[in-house]
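Below are two complexes that have chain A in common, paired first with chain B and then with chain C.
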Partner chain A sequence: MIKEISKNAIHSLWLPVALVASWWIFSTNSQDPYFPPLRVIWEQFVYLWVFDNVPVHVVPSLINLFSGFFFGVFIGIAGGVVIGTNQGVARFVEPAIDFIRSIPAVATVPIFIMIFGLSYEMRIAAIAFAAIFPTMLAVIQGMHSNNPTLLDTAKVFRLTPFQTLVRVRIPAAGPIIFSGIQVSLQVAFVVTIASELLGSGFGIGAFTLIATDAFLITDAWTGVILMGTLGFLVNVIFNLVERRALRWYLVSKKLS
Partner chain B sequence: MDYQTPTGIKHVLSDISFSLLEGEFASIVGPSGVGKTTLLRLLTGLMKPTSGVIRINGQEVNSPPPGLAVVLQDYTRSLMPWLTVEKNISLPLKRLGLSKAETAETIELVLTEVGLSGNQKNYPWQLSGGMQQRVAIARAIAVRPQLLIMDEPFASVDAQTRFDLEDLVLKVRDDFKITTAMVTHDIDEAVYLSDKVVVLYGSPANVKEIVKVDLPYPRNQVASRGREEFAELRTKIYAQVRGLQ
Partner chain C sequence: MLGLMLLWQLGTSFGPLAGGSLPSAIDALSALGALLVLPEIWIAMSQTMYIALAGLFASVLLGIPAGVLIGLSPFAYKSLKPVLDFFKVIPPIVIIPIVIVVFGPTSEMGIFLVVFANFFMLVFQSAYGVRHLDSVLLDTLRCYGMSKWDEIWHARIPGALPFIAVGVRIAVAVSMVVAVVAGLIGGAPSLGQQMLLYQSSGQPNQTFALVIVFGILGLSLARTYSIIQRKVVFWTD
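Entry: the complex of A and B
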């Protein structure tokens, strides 16, 4: 077991480690102002982000990210359930959904700026809006993919519509829904950063942009690395939650 | 019962009339495609007849009635893999308004009945196919149904498990006195388990004959199947299903 885990760790870690190591080695004597040595970036990273600037820039970004994400996923699940369980509604609204979700999420930010101004509300609304659609489409698809035998069983045992939904239909669609939520999370992260590039003094996106404008290239590099690290960690946490929630699915698939 | 098909209306079931007395075990047999599954969907109220009525205790069936339980062939799809065995069994019990203790008691009782006591916390996919079908039977009897309907319940398990499950059904029936209707394509099984066998034949299908099975109880795989009446009955029903009689 432990042997297997460490084997997996080696398999998934060797490439990132090799990349960082070669970056470190090849940039050691770099004179290029745009590509400072990784050692310098690292020192600046520790100086900036452990932990003086965390409350100013990281915390607001994460608050925006998670409020928008949860809000969007909530609406996405609710809307997906309504649309996915009503053939009539689905036919009516699906073309509109297909149109809206084809708009790159970042491109909607200016519209939210017009509506809400350069405010927290604007950022959270833009993030939530972007997060709605991947989840909603996954829930609709999940509802449609519910197995008829399962639904018949629920009917014969006279489960209430609410019980059928919460105990049968949503769990059965769990694997599809979770992959939708994961896409929502990724999109929410992109919009979080993008929304900070406009008219904000706080947040990792704002920090990086301001540093770039001020030719503080090393600072900008630390911002980029921080974003990557946060994005990675958020995804790791998501995968842990998913593994816990879909344990029945993952294990039963492995057994069969 | 009519179906709308791309080539027009298909008349599937025509003159189907049989009654099932309380505590009786009836099997429905017939050639494949005769409409056994359609009949079963009508009986469970999952489908409405295009003409005629289905009655259980004089009540017309238009949607799944209370006091009905089913065991389906495909146990991997009828048990919820995200719920443990006990949660699977307690799901239909929620409507009956039992207390927590009563629910746990019922679960223990029915699991003991099907020989799976102690498996409350297991997930269905941790059990073998035969054990999963036992859980489905336990879930069905837990609601104390007036009518139990089974759709080819043993078609997806191996032969040995099949015999074990047949005997389990006989035992459950004896202990719980549940009226049962079972669809099967296995004529031996129909004779072994039933008080009467309803033979469907034709297109549109109608009841060809209702064969009474007088084999004495308790039945047993070796002795009952070895009796002369058993052989006679199965030959007779086989010939009818094949359209030879």
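Entry: the complex of A and C
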């Protein structure tokens, strides 16, 4: 058992380790201004981000990301439930939703800058707006894909419409809804970075942009690595939350 | 749709948004009409399409064969999966600051970003498709004494096509988005760059008109792709 696990760990870890190691080795004597040695990047990373600049740049980015994300997901779920359970409303708004969804989320940021200026509200609003649609579409799709037998069973048990919605329809659509929320989170992350890259004094994106403009390439590398790592970690945390929330579903799938 | 346009117009003329910097529906649509006769918009549009399509083709040509090969080897698949998982979820926007200093604000930079955005996802989809074939089907082939090559060519690759098709569909949408973002943030010649120009020079109507253009472009790309997909992998659904 333990042997099995360690064998799997070696299988899945040797390549990432080898890649980082070869980057480290091959860049040791790099004179290319664009690709400084990884050792130098790492030293600068520790100097900048452990933890001097974290309150100034990382914390505001994360606060924006999560407040926009939760706000957008909340609207997305509420709107999705209303649209998904009313045929009339659905027919009225679906073309518009389809259209808005086709617009790249980052391209809406200039519109929010026009309305709110380069402010805190602009960022949250742009992030929330982008986060609404993936969740909303998933909820609508989830409501439509509810198993009719399930709904009939709920009727037989004389559940009120509200009980049916909260206890039956939304949980049954859980897996679809969660995949929508995950897309919302990824889009929210992209818009967070975009809103900082398009002009702002603080945030990791802004820091990296200023470093690029000042030709501080090593600093820019640390910003890119930090943003990439955060993007990855946010996804990992989401997957853990999802697995916990959908445990009943994963268990029931294994049994059947 | 029409109802919402009306709502938008009423909201911006009389409602809470009146007097703000959000253009009304009529203003934005007339700006759209005015934009569509400008040659620079059509040049920017063709530049956007060039970045999106060149990047799409490059990532398809590189990613799918790489993915199929990786999927055929259990060792390669197991080793590369964590690397793919890592790069798959990293949005291309985070590498823009570095890519700008290496390539400058050019079309090549945009194409590189599109490839970066699509490549890992396409490799993963193709590798996953090649590996996850029905085991009964594989056993049947072995009973009929099919060679390894026949198995790959007649079973594994066709079996992977639906997964690959899903990957390409995602890639089509992503390519368009990244081509726009490359212009908007990285300054590559495209509609995104045009939009930044309008926004920073205080032309809200034109900025908004471009948003509508993006919506139309995105919708028509998705429609075109779903028509092509239905013809190519007709045996799914």
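Everything below uses one rule, namely that the second predicted complex is superposed on the first by the 241 of 256 C-alpha atoms of A that agree within 3 Å, B and C clash if a C-alpha of one lies under 4 Å from a C-alpha of the other, contacts with A are read in each partner's own complex, and residues count from 1 in each chain.
As a working rule, a contact is a pair of C-beta atoms (placed from the backbone, for glycine too) under 8 Å apart; a residue touches a chain by one contact, two chains touch by 3 or more.
Just so it is clear, the model here is predicted, and its values are computed rather than measured.
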Mind checking chain B and chain C on superposed chain A, clash or fit? fit
How wide is the angle at chain A between chain B and chain C, using CA centres, rounded to the nearest 10°? 100
Tell me which touches more residues of chain A here: chain C or chain B. C
Should A:D98 be classified as contacting the first partner (chain B), the second (chain C), both, or neither? second
Can A:T160 be said to touch chain B (first), chain C (second), both, or neither? first
One more residue to check, A:V251. First (chain B), second (chain C), both or neither? first
Tell me which partner A:T149 touches in the superposition: chain B (first), chain C (second), both or neither. first
Which holds for A:G174: it touches chain B only (first), chain C only (second), both, or neither? first
On the overlay, how many Å separate the closest CA atoms of chain B and chain C? 24
Given the complex, residues on chain A that touch chain C span 8, 11-16, 19, 34, 92-93, 95-96, 98-111, 113-115, 186, 189-190, 193-194, 197-198, 208-209, 211-212, 215, 217, 220-221, 223-224, 227-228, 231-232, 235
Listed in rising order, chain C residues that touch chain A in their complex are 1, 3-4, 20-22, 75, 78-83, 86, 89-91, 93-98, 100-102, 176-177, 180-181, 184-185, 192, 195-196, 199, 204, 207-208, 210-211, 214-219, 222
Applying the document's contact rule, which stretches of chain B touch chain A when the two form their complex? 44-46, 63-64, 66, 68-70, 72, 74, 77-78, 80-83, 91-92, 94-95, 123, 125-126, 143
Give the list of chain A residues in touch with chain B in this complex. 147, 149-150, 152-153, 155-160, 163, 167-168, 171-172, 174, 248-249, 251-252, 255-256
